[in-house]
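Right after this note come the structures.
One chain, subunit A, links the two complexes that follow: it is found with subunit B in the first and with subunit C in the second.
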Partner chain A sequence: MAATRILLAALALPGLVQAENAPDKSTLSVKYLDYQDSQPNLDRIHVRSPAIDIAVPVAGVWLLRASVVSDLISGASPRYHTAVSGASRFEETRKGVDAAVTRYFPRASVTLAAGRSGEHDYVSRFVSAQASFASDDNNTTWLVGAGVANDRINPVNDAVENEHKRVVDLMAGVTRVLTPADIVQALLTHVRGEGYYSNPYKYIDQRPRHQRQHSLMLRWNHHFGGSGATSRSSYRYYTDSNGVDSHTLLGEYVRPFADGWTVTPSLRLYSQSAARFYFDPVYDTRFGPPFPPGYSFTDGRDRSADQRLSAYGAATVGLKVEKEIGADTTVDVKLEQYKQRGEWRAFGSGSKGLQAFSARSIQVGITTRW
Partner chain B sequence: MIRALIIGVAMVALAGCAMQPVQPWEKGMLAKKAMSFETDKLEAKFAEHTYSSKEGASGGAGVGGGGCGCN
Partner chain C sequence: MVGSFSVRFGAMASKCEVRLAASSQAHADALAQCAIDEVARIEAAFSRYRPGTIVSRINDAAGRDWVDLDSETEALLGYADTLFEGSEGKFDITSGVLRRAWDFRQGRVPAQAALAPLLELVGWQRVQRAPGRIRLPQAGMELDFGGFGKEYAADRAAAILKAAGARHGYVNLGGDLHVFGPQPDGSAWMIGIQDPRDAGRTIASIPVQAGALATSGDYERFFEQDGKRYCHVLDPASGFPVGYWRSVSVLAPLAIAAGSYATITLLLEERGLDFLRDSGLAFLAVDHQGRVFNEKRSHMGSASGLP
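Right after this comes the complex of A and B.
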């Protein structure tokens, strides 16, 4: 019966199974994230994030979507590298809201979206537009998109005042049905930003005021007819004008069981090179930490001691468990553990002298349709 | 430039894969929720936000979304 329902749903979709029709039911999702990252002898950032997402189809050709998230952030962040004594403690709240409207056509869809994210020292606003076009046989869908974000930065330490950043991103891609059990996607994105990229709360952090980012995302989903399981694989290549090149591999195995249970183990592997202006934790013999060897107060060179710009590798293992309650409600729990190490970098040597970095997160959620 | 060309050729090749076209009545498995590239919007947002706050790379799966302090 369930198989018949799925087949009928597929036949009813004139477009690529995933794209050109509004869903026939409204969806409400509520999720709560608890996130903690740490290094030896220092619990760093703790985030608690309740979030809501609602999507409502209208007249069969429109979809209205809105989401709200609130991040309650507390903890400590090192002012340079992983120095515990230099960590600054803080507590703040970020509130994000965004909304989107999608119009569906027989072989196309257009989505317009806008949003705002606000912290006491950082406000970001964005608008974006995306469109998809399906081929006559509905096995290929072309995707294009563009977005603009304007950020306003006013740090509490008055390092800068009323700084700004403007980011434009462009995307093009294609989704292709390869076989009755295989679908693939390639997305190319280009991001161009101008403005304040430095971190006002870190010592010796000056970054270029312009940045270019390019990424290629390849995704492949495969369904196993015998077990009913699905493997979901992706690879992202990323490069930017700061000199950071990265590779990200993600694999998920979605395995349904009887009585509405689904278990999804996942593994994510990540590796990046260092930004060209990142310096290792080796300090000037005259000035000491955090000043790099040969530091000059007047040369105006770009420099950063931010661990995120170092060369390293990282791995995340995750497990998600979902349970259907009735026909239209699902509850889920997801656990993830993340570790980052300099020596785990692939395709080169990692940065030395940094403390190991770890994070763990727990998500619980409920989704209902009507 | 060469890199962009290679990527462009790869995307065109992907779109034109010379495989037997899948017929509408063969798409039952493709219609399953797990086969979608966007299964859980909030989970995807959490992932993008937490990874972009601790790694040098970000994005790649779409446009829009804005920035954050994430210091």
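Right after this comes the complex of A and C.
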């Protein structure tokens, strides 16, 4: 339509719409997540997770952000594959805090962040830096980032003592405004780690001490002028040195309605290949479960029965409903249902013999600005 | 203590004002300077009177050479092309030559013999464009950015103030307004719309928190002859002034868009109302009989940022 084209053309002119703008209001958000995963006849992990996030702009060019999250985790974690008999009951608390400061410049921003999360047997600390730069016409934004995480691992079963893991990640991306209604982004990440990656609570779990991960994320957001809705689509390719390749496809449709209501249905499809050292639930005839056929106690080979390293496909359907209350407060509820099956793997056959895995989560939140 | 201060200046043959929140008048003057400088830069860069500007060089090379473009000029020419396409060819930045025949100070309707050769020089569709360059195909043809230069300058100046951290105020270039934030207490600025037949009165007052308001009317430069009003907005097809609308004000996210919608409405005459309604923007229009048409709407959003 000619009439709308003119506005879109005006918005695309150089220097008129600022890409980098420090928020001018403080926000406080409180969220509560309840997550439960399960397999046939077994409720596995149950997580109840309250979180608080606060962001305060200072002097128009700084943004200070801090968040605290506490996870109360209880349930049964399979000790190998999905065998119920091996499940151990446990209950524990994980606490995480992190803080970030962002400085906004006319066409750039720089963010420094640090955080710590820990439970009694696992402590993780990270620092990261990220910078973004916009082109003169503000239609292109480049993004670079780097981070380091240091983990300290002291399992209660003394499988290992004072183990560590150090991970460095690098990220580079570009965001481009194609039309006033379309934004696309490409993001490359490279992660390199060294240390203890194994799960100390699983039988027969030994993973390489050096790992590399690469991923490419492509995103496209489209705004529908007529309804005011926005679609967000993304594809992510991931590959790592364990031999896991994965594809993630995500679609979301953010649809505003009258009286401050917004409804966002979403669908995520996922598929991955198995890690090179993952073994199917077929066990050695001499030792029985959980030992894989031909198992040797002395060869020191990498092996894992972790279902997360098997070949599978998964789908998540979600629905988020938000309601604005007054000008500055939003309440939201988000429901998600996740299902994972070996036979749902795309581009290849899935791992056999695993029980179906599913999860559901519900998150409620309130955000207020002032 | 923060109050709002007004910094006045003259540019683009208009009375201009930057209004913003500051601790003192001196502080406001200092903050406003970057916006005033930007307006002066645009006025100098795109003037067709000053020798050596990109517009002068394109016009001087008419009928002869291709001229290389900088990216800003190329973007504005692209915008001009969208206006031409979106207005059935009525918004034509080559139509400025018609003013050689119309002398609004003398106040005389030109003879057809004077208009005819000038109409030959009008025609954006004949302008040759290639990536990074442009050529006017005929000697005497001229480009003129006057149809949106002032609004563009208001938007650029407001963007610069915002980037410098300003959150409350507006840029007003001769009635083309870009509001970059509400008053310091959060309330909207009340912007008056001039009565097209009485310069001392307003016909409406519009609350604007953020966004832009521009007005095109038949009352800025005009003369009357034999009881008929001849205004400065000329139809590029006939070379004669349009006469259906007295005044059209449009509220849009950017002044350049608001001004373009208002001017195209004037140019489309009675069909302008449908065009305005299609735009989905808020407007207030007064026709030749003094009838008022208005539509209040919310702004159209743009694509939300990526998470």
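A few points about this structure:
The criterion applied here is as follows: the second predicted complex is superposed on the first by the 351 of 370 C-alpha atoms of A that agree within 3 Å, B and C clash if a C-alpha of one lies under 4 Å from a C-alpha of the other, contacts with A are read in each partner's own complex, and residues count from 1 in each chain.
Here, contacts are C-beta pairs under 8 Å (C-beta built on N, C-alpha and C of every residue); 3 or more make two chains touch, one makes a residue touch a chain.
Since this is a predicted model, take the numbers as computed values, not measurements.
Residue contacts after overlaying the shared chain place A:T230 against subunit B and subunit C alike.
In the superposition on chain A, A:A314 makes contact with subunit B only, while subunit C stays out of contact range.
Considering which of subunit B and subunit C touches more of subunit A, the answer is B.
Shared-chain residue A:T175: touches subunit B and subunit C both. When the two complexes are overlaid on their common chain A, residue A:S67 makes contact with subunit B while staying clear of subunit C. Of the two partner chains, subunit B is the only one that A:S124 touches; subunit C does not reach it. By the document's definition of touching, of the two partners only subunit C reaches A:A59; subunit B does not. Of the two partner chains placed around the shared chain by superposition, subunit B and subunit C are both touched by A:Q185.
Once chain A of one complex is fitted onto chain A of the other, the partner contacts of A:D34 are absent, as it touches neither subunit B nor subunit C. In the superposed pair of complexes, A:N221 makes contact with subunit B and with subunit C alike. Counting contacts as defined above, subunit A residues 3, 6-7, 9-11, 13, 17-18, 137, 175, 177, 180-181, 183, 185, 219, 221, 223, 225, 230, 232, 254 meet subunit B in one complex and subunit C in the other. Subunit A meets subunit B in the complex at residues 3, 6-7, 9-11, 13, 17-18, 29, 31, 33, 35, 37, 45, 47, 49, 51, 53, 65, 67, 69, 71, 77, 94, 96, 98, 113, 115-117, 119, 121-122, 124-128, 130, 137-140, 142, 145-147, 149, 151, 153, 165, 167, 169-181, 183-189, 191, 199-202, 213, 215-217, 219, 221, 223, 225, 230, 232, 236, 238, 240, 242, 244, 246, 248, 254, 262, 270, 272, 275, 308-309, 314, 332, 334, 338, 340, 357, 359, 361, 363, 365, 367.
Against subunit A, in their complex, subunit B makes its touches with residues 7, 10-11, 14-15, 17, 19, 21-22, 24-32, 34-38, 40-43, 45-46, 49-50, 53-69, 71. Chain contact summary for the complex, subunit C toward subunit A: residues 71-72, 75-76, 78-79, 82-83, 85-87, 152, 155-156, 159, 162-165, 167, 181, 252-254, 256-257, 260-261, 264, 275-276, 278-281, 300-307.
Subunit A makes touch with subunit C in their complex at residues 1-7, 9-18, 20-22, 24, 59-61, 106-107, 136-137, 175, 177, 180-183, 185, 219, 221-223, 225, 228, 230, 232, 254.
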